[in-house]
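So that you can tell them apart, the chains are marked A, B and C in the order they are listed, and the count of residues begins at 1 in each.
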Amino acid sequence: MDYSTLAMQLFLTGIFLSSLYILVTFGLTMIFGVMEIVNFAHASFAILGGYACLLAVTSLGMDPFVALVPVVAFMALVGWLTFEFFARYTLDVGDAHVVHYYALLLIISNVLALIFGLDYKFVPSGLGYSQIELGPFKYPLLKFLVAIISLATVAGLSLYLKKSVIGKKIRAVSQSKESAEIMGIDSLKIRRITWIIGVSSAGLMGALVGLVNPFSPYAGTTYLIVAFSVAILGGMGSLFGTIVAGFIIGMTESLFSLFLPSQISPVVAFVFIIGVLMVKPEGLFSRA
Amino acid sequence: MLEVKQVSKYFGGVQAVENVSLAVEEGEIVGLIGPNGSGKTTLFNLITRIYPLTAGDIYFKGKLINKMSPSDVCHLGISRTHQIPRPFHSLSVRQNVSLAYLYGRKNPGDRAEANSEAERLLELVGLKDFAQIPASQLNDVQCKVLELARSLATDPKLLLLDEILAGLNPGELTFFQELILKIRSELKITVFWCEHIMRVLMKTVDRVVCLDYGRKVCEGSPSVVANNPEVIECYLGKAAGE
Amino acid sequence: MQAINQGNKKTVIVLGILTLAALALPIVGIPYQEYAMSVLTFAFIYTLLGQSWNLLGGLAKQFSLGHAAFFGLGAFATAACSSLGMPALISLAVGGVAVAVFSLPIGLICFSARGPYFTIITLAIAEILRIVFLWRPELSGSEGILLPPSIFSTRIGIYYLTLGLTAASIFTFRWMARSKQGLALVAIGDDEDACSEIGIKVKYIKSSTLLVSAGMAAVAGGCYGLFTQYLSPNDVFSINYSLEAIFISTIGGIGSAFGPLVGALLVSLLEETLNPLVPGAHLLVLGAILITIMFLLPKGLVTLFKKSDDKQGPRMQIKIKRRQPAA
């Protein structure tokens, strides 16, 4: 393999990782911005999405990419239920809310463990090892499609936040809940929508990851740390920061995969974020 | 006693404090005035080392304190109150003060001494009857005096007061004014005091420094500063047609 | 005063009876003796872990999500000492001290951040250790390691060991909480900047508390290893231990000395009862119980045992009392 192929390979893998990281962090950072909640259960919603996709493909016999649509719908339902029966009651408990979300994390991951067992599963994509040709370069078609879908989702969500009325209201509440309420915005409704978007985007990310990597009920921890690494690096609550930070961490991890065995590659993101926080405790692009 | 030499502080591109120099001599009560956002609280945060300096030097009793930690600055003898009081809500009123005694002094005594000193200070500020209740149950004014007692417990040589009069009624204003004079005369503590309530401030202080947009506008005795056209301008704006 | 002293006396008597019962349990034959001992042994190990979290999380509100790191390191350090031929007790002590020392650089890293940032760093450190231990066969590898049998791999041995350590941990916590440092920790939990402005060296206080906390968690891990005689990184570094440490302290009563014991008994009882029926079910039930308690009794189960006037009353509004002007 010559150097340009290798460089292209690393670049595409970096894009692939970044796209997933940005997608999972997007919801986390939105929920933090609008609800002031640090959602430690975020990655378990991703894993839930993975299992939902698995069921849709294996039990209902759907095409995995078609299945993403009902998966997102299902996750939106999960988001609505968890908001109405859980999240809305944690809005005014202050810092102690982290314990509520640890409990939610425990419940979701162990319900999954009870139903599906602790074995690693993956969603059969049916694409196998087919490659896509990008000019002189080849790249696995599956990863390429996954990256395209998650980047498109992120772009769509960003556009929605920027242009739509609801998006503007969401941004208003995230800047100041009180002022937004004075302007007649129903902040509870906005928070519900934010929570549902966050949960569904996490579920979508989980389903996409499930197509590429095996997962288990407890695998959320890794994605949780990665998502937080990206969110913190991007300065919790900043969407632009999230995107930049997602690319930084995804690319770095891809680069380090040259020197490190694959099982310890997540360590790169963890060490990276610890280093960043030691130098700049409030993140690189913090709003403050 | 306190020397601030050409100090600047930028937050990103915003100049919060720019090239400010001033000095506070031992035994003085110096007022710090200026419109909202003129950098008064930022200057206090720079002196107590909560924020790092962008440029300049701060000396206290001849020692450069630029690189010291906030706790070292406290041990040197600088203590402060906050615009919005920040007592420790989980502790009792007396514990708030005795904690400051135990950690704020270079050679603190034992717990018993801390408690009796705390009682003494609480009596001074008029909170003696509330010593045992949790600080979370105090009202806003009581929180202010608690914070003042807590600052005094660290045995400061210089006390920084940050808008301690904001939101008080006339009776309470007199109480605080007397208290501040007493702190200087009985406890021999120098006071550097940032305030908006001119009526009380001007009657109490020896000297006033005025900041606007992070820059020092003027400095001098209360009557000189009060009649300085630049000071009037920064509070009231330029007269029309000028 | 009288009432308080009498209350204390009652508490002392009840605790004395409970302690005697706990001491007598292995000797006096009762039905379900083995079951009770095994529930209690794990409850004691969890109490150590919970108490260790409670020191930082309960007093200073530093919500660590990485206590599995110290638990797992303690387990592996004890195992390493044992396989070098040290006696079990010495291995446990060496393990605890080694991990306590190791916590100093960890503290330097963690305590540069606050709030959720602190939490996520602690979580990342535990994950890094898990991944590194899985990766390097000389540390453990995915197969895990075995410990040589010792007096503490017997049911009675480990029972008395953990019982004694639990008592010690409760005394340590009470001593720390009532000390000058305990006061400072509570203040740090309220407002860190205000603490440093009254001369408290916040990082020093936090780090020295982490030292004790890490040592305690390491000893809990060591006991776990000595008893089970088998350690794998996926088990001892798992986020479940970090979560359990939080639950144990929070369910029982955050920042209270006996809270972790109450919480640990509940966790262990659930685990020993439900796990044989449906593996993992106890964690699910635990999560549900925790959410219920957090909503209904934010100060934990120990509030149920306290007199009603100890609970937070309505917010009092008291007017400032002013003396007459002197002149």
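Going forward, a contact is a pair of C-beta atoms (placed from the backbone, for glycine too) under 8 Å apart; a residue touches a chain by one contact, two chains touch by 3 or more.
Predicted, not measured: the structure shown is a model, and the values here were computed from it.
If you take chain A and chain C together, no chain is in touch with both. Geometrically, the chain at the heart of the complex, using CA-atom means, is C.
Ranked by separation of Cα centres from chain C, the top chain is B.
Taking each chain's centre as the mean of its C-alpha atoms, chain A lies 32 Å from chain C. Averaging C-alpha coordinates per chain places the centre of chain A 46 Å away from that of chain B. Per-chain Cα centroids separate chain B from chain C by 41 Å.
Touching chain C in their complex are the following residues of chain A: 38, 40, 86, 89, 93, 95-96, 98-100, 102-107, 110-111, 113-114, 118, 218, 221-222, 224-225, 228-229, 232, 236, 261, 263-264, 266-267, 270-271, 273-274, 277-278, 281-283.
Contact residues of chain C toward chain A in the complex are 61, 63, 65, 109, 112-117, 119-121, 123-125, 127-128, 131-132, 134-135, 238-240, 243, 246-247, 250, 278, 280-281, 283-284, 286-288, 290-291, 294-295, 298. Partner chain B is touched in their complex by these residues of chain C: 180, 183-184, 186-187, 189-191, 193-202, 315-323, 325.
Touching chain C in their complex are the following residues of chain B: 48, 50, 69-71, 74-75, 79-80, 82, 86-91, 95-96, 98-100, 102-105, 111, 126-127, 129-130, 133, 136-139, 141-142, 145, 150-151, 153-154, 171-172, 174-175, 178.
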